[in-house]
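Which chain is which? They are A, B, C, D, E, F, G and H, in the order written, and residues in each are numbered from 1.
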Amino acid sequence: MHHNQSSPLVGILMGSDSDLSVMEKAAETLKEMGVAYELNISSAHRMPDKTAEYARTARERGLAVIIAAAGMAAHLAGVVAANTTLPVIGVPIKSGALKGVDALYSTVMMPPGIPVATVAVDGAVNAALLACQIIAVGDAELAKRLDDKRVANRAKLEEKSKKIKAELGLE
Amino acid sequence: MHHNQSSPLVGILMGSDSDLSVMEKAAETLKEMGVAYELNISSAHRMPDKTAEYARTARERGLAVIIAAAGMAAHLAGVVAANTTLPVIGVPIKSGALKGVDALYSTVMMPPGIPVATVAVDGAVNAALLACQIIAVGDAELAKRLDDKRVANRAKLEEKSKKIKAELGLE
Amino acid sequence: MHHNQSSPLVGILMGSDSDLSVMEKAAETLKEMGVAYELNISSAHRMPDKTAEYARTARERGLAVIIAAAGMAAHLAGVVAANTTLPVIGVPIKSGALKGVDALYSTVMMPPGIPVATVAVDGAVNAALLACQIIAVGDAELAKRLDDKRVANRAKLEEKSKKIKAELGLE
Amino acid sequence: MHHNQSSPLVGILMGSDSDLSVMEKAAETLKEMGVAYELNISSAHRMPDKTAEYARTARERGLAVIIAAAGMAAHLAGVVAANTTLPVIGVPIKSGALKGVDALYSTVMMPPGIPVATVAVDGAVNAALLACQIIAVGDAELAKRLDDKRVANRAKLEEKSKKIKAELGLE
Amino acid sequence: MHHNQSSPLVGILMGSDSDLSVMEKAAETLKEMGVAYELNISSAHRMPDKTAEYARTARERGLAVIIAAAGMAAHLAGVVAANTTLPVIGVPIKSGALKGVDALYSTVMMPPGIPVATVAVDGAVNAALLACQIIAVGDAELAKRLDDKRVANRAKLEEKSKKIKAELGLE
Amino acid sequence: MHHNQSSPLVGILMGSDSDLSVMEKAAETLKEMGVAYELNISSAHRMPDKTAEYARTARERGLAVIIAAAGMAAHLAGVVAANTTLPVIGVPIKSGALKGVDALYSTVMMPPGIPVATVAVDGAVNAALLACQIIAVGDAELAKRLDDKRVANRAKLEEKSKKIKAELGLE
Amino acid sequence: MHHNQSSPLVGILMGSDSDLSVMEKAAETLKEMGVAYELNISSAHRMPDKTAEYARTARERGLAVIIAAAGMAAHLAGVVAANTTLPVIGVPIKSGALKGVDALYSTVMMPPGIPVATVAVDGAVNAALLACQIIAVGDAELAKRLDDKRVANRAKLEEKSKKIKAELGLE
Amino acid sequence: MHHNQSSPLVGILMGSDSDLSVMEKAAETLKEMGVAYELNISSAHRMPDKTAEYARTARERGLAVIIAAAGMAAHLAGVVAANTTLPVIGVPIKSGALKGVDALYSTVMMPPGIPVATVAVDGAVNAALLACQIIAVGDAELAKRLDDKRVANRAKLEEKSKKIKAELGLE
C-alpha cells in the first residue's frame, strides 16, 4: 500500500513559479512512486527568511529529503543545504541567456562542508527518483517499486526498439 | 558509539588509482563520522563486469550508498547507477586537458530514469558528507553528529575571522 | 554487386528512440554504400546487460564495426567499447540544455586503453562513412565506391558554385 | 582630510579565509582612498545566520556598500543582496577546478529583483574602487581623489611606455 | 514625492537601437521608482567621440550613475567607465552567435583601475534597481521605496506559491 | 609472429615537432602491439603539398590507417582526410591558451563527407589502439593480442586496487 | 569612379553553398564600396585541390585579399592561408550544434607562421570592410569612401537615437 | 634593401607593460622582415584620449597598419578601430582567470561597421606577419621576403622531421 495521503517525506522548492513547467514532472514521479510530497515557491533571494526557516524546520516536520530547483545564479539548493543536514537535491533550471550552465555551476560547485546532490539541468524526474532511492534505503517496499519501474521501462524501450526495426524493414 | 568496525554502509569506487589522492578525503570524512565503508578501484571501462557485478549485489551485501569517482569521460557513476537502485553519488575528478569539465558533464547530465547525485569536481569531502546525510535519514545519532560537525566548523571559521581582523588591526 | 542482403557488418546502437531522426542518415548512407547493417536501441543506462552482451558477442556474430549514438551524459559508446575490441564509432547527439557539448565530452574523452572513434555532434553520415572506410581497408571494391562518391560530391558542389555565381551575375 | 578612523562605510565579507590573499588588495585600496571599512569572514553556507543578520543590519549600522567575495558556487554576494537594499558588490574568486567561471556565473547571473554589482574574477581592487565611486556620488572630495588617482595612474603608465621604448631603442 | 520631472540622475546608454527591447525595462523600472533618467544610443565603436564626451561631462551635468548596455564585443560600459569616475553599470546584451557570453566577458573582466558594475546578461531591471540602490545611499526615501518594493514582490510570489499549491491539490 | 619489420601499416603525422612528447606513446603502443608504422612531421599549414601528397598516395603505399596529431586550429587530420578514403584518426593536442579545446573542436566537428575518427585531447595511446582495432578487423591474431592486452591491464588494475586497500587497512 | 567592372581584387570563398545567406552581405558591401570581387564555393575538405590551386595562383591573378568563410571544423581560411602570402580573412560561420564556437576556434587559433585575419562569427560585413581597409592602404580614394561611410552610419544611428527618445517622450 | 630606418609603417599598441613579454615577438618579426615599426603602451581604459588620438592621426602620420594587444576585457583593438579606417590587427593576450578566452571574445566579436583582424590568443608573430602581408599587397619585394621565409620555415621543419625519424630509428 502506497502512503500517498500520509505526511510529506519530500519537500519540493522552486525559486520561481516559472520553474513549475519543469518541476511538475518531479511531482508526478513522486506521486507515481507513492511518496508523499509538498511543494512551495521559496526564492532564496526574494524570500530568504522563509527559505531558511523551511530548511531549518524540515527534519522536525518529518521531511526526509528536500528537492530545490532554480535557474541562473541558482542559490536555492545551497541556501537550503546551509540550513539543514537533510539530503538536499539540486535541480539546475535552464533559463536566461546561459541556458542552465550558470545554474549547473551555481548548484553543483558547493564548497566542502555543505553538499548538494545535483542532477542534470532540468532533471526533474531524476531528482524525484533520487529522493525515492534515498528514502528506499530504509524502505524495502519502495526499493522494490523502484526496481519494478526499471524493469517496466526496459520493456517499453525494447518495444520501441522492435517497432523501429520493423519500420526500417530490418527484422 | 560509532559503528566503524561493522560491515560497510558506503562503497567507494574509483575509476583509477590516480583518483586516490582526491578520494582519500572521502574515506577520512566517513571515518571521522563513524560510518563504515569499503573502497575499490573498479574502472567502468577496464573492468566492466566487476563494476556491474559490484553494483548489482550492493544492496544485498548491505551497502546503503555508493560513491563513484572518475575523471575525463567519467562513466563510472552512471554505469553503477544503471545496475542498482541504491543512491549513487558521483564525484567528477579533475584530470587531463579539460580539467574536470568533461567529468562533470559526463557524471551529472544523466538521462531520465537513472539519477546520479553529483557533487563538485574533486568534491570528495562533500560526497562523504552527502552519504552520511542519506544514511542519517534513518539514523538520528548520525544526524546529530552531522549537526555537531557544522557547529564546530562554524566556530573554527569564526576564530579565523577574528584572527584575520586582529592581524589587519581592524578590531 | 553490393552485399546489402548479406549478414550485417555494421551494428548501429542508439541510446534512445529519439536519436533515430539523426541516426537514420547513418542507415541511409550505409545502404547507399552497399554495406549491410543492423540497428537497435540499447541504452547503456536502462539496458546495461543487453548492451554489454551485444558488444561482447559482436565479433563472433560477424560485425566489423559498431556505431553508438547517445546524448547528454553519453556513455553508450564507451560502455560498448569496454566490452569489445572491435572499432567503436561514437556519435554524440545534441539534446537537452547543453546541446551536445556534454555528449561530445562524454564520448571523446575516453581514458587510455578503451578508444572510441568520435565524430561530430549529430555526425551520423560521417559515422557511416567512417565505418565504410574501416571495412574498406580490406575491401577494395568498397574503397572504390567511397572514392567515386567523393568525386560525385565534388561535382555536385561545383555545380552549386556555378549556379550561385550565375545568380549573382558574376560569370 | 580622510575619514580613515571614522565608523566604516564599506563592509568586506569573504566566504573563506583563503580569499584573503586576493581581498587584502581591496582593503589596501580603500585605505589608500581614505574610506573606512570593516572586514569579516562570513560564509553564506557555513554561517547563514551571521551572513543574513550582517546584511539586514548593515544600513542602520552606517554601512553604505558591502563587498562580498567568494569562490566556486559563490552564493555570498547574492545572499547578502537578498537581505539588504544597500549596493552589494560581488567579487568572484578563482579557486577549484573551474578556475572562477563558476564563481562568476554564480555571482553575476542574479534574477530580476536582487542585483549584484559584479566585478572581474579576483577583481578586488576594482571592487574597492567601485565602492569608492558609489560613495563619491555624495562626497565631492572623494570624487576628486578618485580623479586624481586616475591622473596619477596614467602618468605612471606613460612612464612605463617611455622606458620600454628606450629599452627597445625606439625613441 | 517622486522627482520624475526633475533633471536626470541616471543616464542609460545603448550600443545599438536593437538593445531597446531589453533596455526599456530599465527605463520602466526607474520610472516606477521615481528616479529621473535620460536615454541615448551611443555606440562605443560607431560614435566614439559622443560616447567619451557624454561620459566626461556626466558628473557636471548632474548624473549620478550611468547604465551602459551592449552586445557582442561589448566595449560600451568600459569606454564610458574610462572617461568618468561615476559608477558605471554594464548590461551585457544577448545577441549574435555567442548569445551574450562574449558581451558578459567583455563587460565584466575589466582590468584594475576602471571598474564596471556588471549585472546579468539582459539584466535591465537589475541595472535600474542597482542604480536606485546607489542613489539611495544618500536618499532615505528612495531606500524606503526599494524596501517596500521588495516586500510587495515577496507578497506577490507568496500568492503565486499558494495558487500553484491549490491547483495541484496540495493544500 | 609480429610484423614489426615489415612495411608500415600505420602512418603517424604530427603538425609540429613539439607534438612528439605526446605522440611517442602512440609509437610505443604500435610497437608493443606488433604493428609496423612510419612517422613524419607534416604541418597542414607549413607543408600543405607534402601533407596532401602523403595522404593521396597512402593507400597505394600500403598504409591502412593514418594518425594525425595537431594542436590549436588543428587542421591536419581534416586535411589528410580530405585527400584519402583511408580511415584517419585525429589526436587533438593540448597547447596554447585554450588548452586543447580548440584542437578538439577543429578535429572532431568535420562536415558531412569527410570523417575524422577523433580520440581524446592528447589521446596518443588510444589513437594507436584504435588503429590496431581497425587493422584487426582483418587480422584475427592482432585482435587476439588486443584482447590479451585488455585482460593484462585489468589484472594490473586489480593488483593496484588490492594494494591500495591493504595500505588503507581495508582488507 | 568605382572600379566595379574591373578585374577582381577580392576573392570570396565559401566552404558550402549554405554559407551564402551569410556571405552575400560581404558581396553587397564590396559592391557598395566599389571594390571588384569574385565568389566561389571551394570546400577545404571536399575540394582540396581546387582550394589549394585557387590560393596558390591568387596573387598572380591580381587578387589582393581572400575572404574565406566556413562553419564547424572550419579549415578553409587556414588551408587558403597555407597556400598564399596574400592577406586571408576568415569568417567563422554559425552552424551545427556548437553554433560557431567551433568555427571561431578553428579559424582564429592558427599556429605561428600562417596568420588568418579573423572576424566575428557570421561577420560577413566586417570581412568585406576589412578587405577594403587593406586595399585602401594603397588607395586613398577608397580610404575616403570608408571614412564617408562611417560618417553616414554615425548620422543614421544618431537619427535612431533621436527617434527613440521622441517615442519615449524623453526630449 | 630593407626600410628598417625609415618612418614606421606599423604601430604596435599594448594595453599594459605586462603584454611586452608576448608582443616583443611581434617587434622581432617586423624587424626580421624589414618593416619599420613604432611601439607604445596605450591602455584603452587608462589612456582613452591618447589611444583615440593615436588612432585618429595614424594614417596622416604614415602608418599603414596598427597592431593592438590587450588582455581580459580587451577593448584596445576595438577602440583603435573605432577611430581609424586603417586595418587594425587585434592580439588577445592570455592573462587573468579566464586565460584569454575573455580577450579573444572581446577582440573578435566586433559589431558590423568596425572590423578588427583578430589573430590567436598570444599570436604576436602572426600579427606581425599579417601586418607584413597587408603591406606586401603594394610591396612586391616584401611579398617575396614573406614567400622566402615560408620556404625557409618549411625546410627547417623538414630537417626536424628527419632528425626525429633518425632518433626513433625509423629511417
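We take it that contacts are C-beta pairs under 8 Å (C-beta built on N, C-alpha and C of every residue); 3 or more make two chains touch, one makes a residue touch a chain.
Everything numeric here is computed off the predicted structure, so don't read it as measured data.
Colleague: Tell me, which chains sit next to both chain C and chain H?
Modeller: F, G
Colleague: Between chain B and chain D, what's the gap in Å when you average each chain's C-alpha atoms?
Modeller: Comparing mean C-alpha positions, chain D is 35 Å from chain B.
Colleague: Suppose each chain is reduced to the average of its Cα coordinates; what separation in Å results between chain B and chain H?
Modeller: Chain centroid spacing, chain B to chain H, equals 49 Å.
Colleague: Among all residues of chain B, which ones touch two or more of the remaining chains?
Modeller: Residues 16, 43, 46, 72-73, 96, 98-99, 101, 108-111, 113-114, 116, 120-121, 150, 153.
Colleague: Per the touch rule above, enumerate the chain pairs that touch, sorted by label.
Modeller: So, checking each combination of chains, I get A-B, A-C, A-D, A-E, B-C, B-D, B-F, C-F, C-G, D-E, D-H, E-G, E-H, F-G, F-H, G-H as the touching pairs.
Colleague: Provide the residue numbers of chain C that touch chain A in the complex, in ascending order.
Modeller: Interface residues on chain C, with respect to chain A: 16-17, 20, 24, 27, 38-43, 46-47, 50, 72-73, 96-99.
Colleague: Flag every residue of chain G that touches chain F in the complex, lowest number first.
Modeller: 15-16, 43-46, 48-49, 52, 71-73, 75, 78-79, 81-83, 96, 98, 101-102, 105-111, 113-114, 116
Colleague: Across the complex, what residues on chain C touch chain F?
Modeller: So the residues of chain C in touch with chain F come to 59, 64-65, 85-87, 89, 104, 108-121, 123, 125-127, 129-130, 133-138, 143, 146-147, 150, 153.
Colleague: Over in the complex, which chain F residues touch chain B? Could you list them?
Modeller: 94, 99-101, 120-122, 150, 153-154, 157-158, 160-161, 164-165, 168, 170
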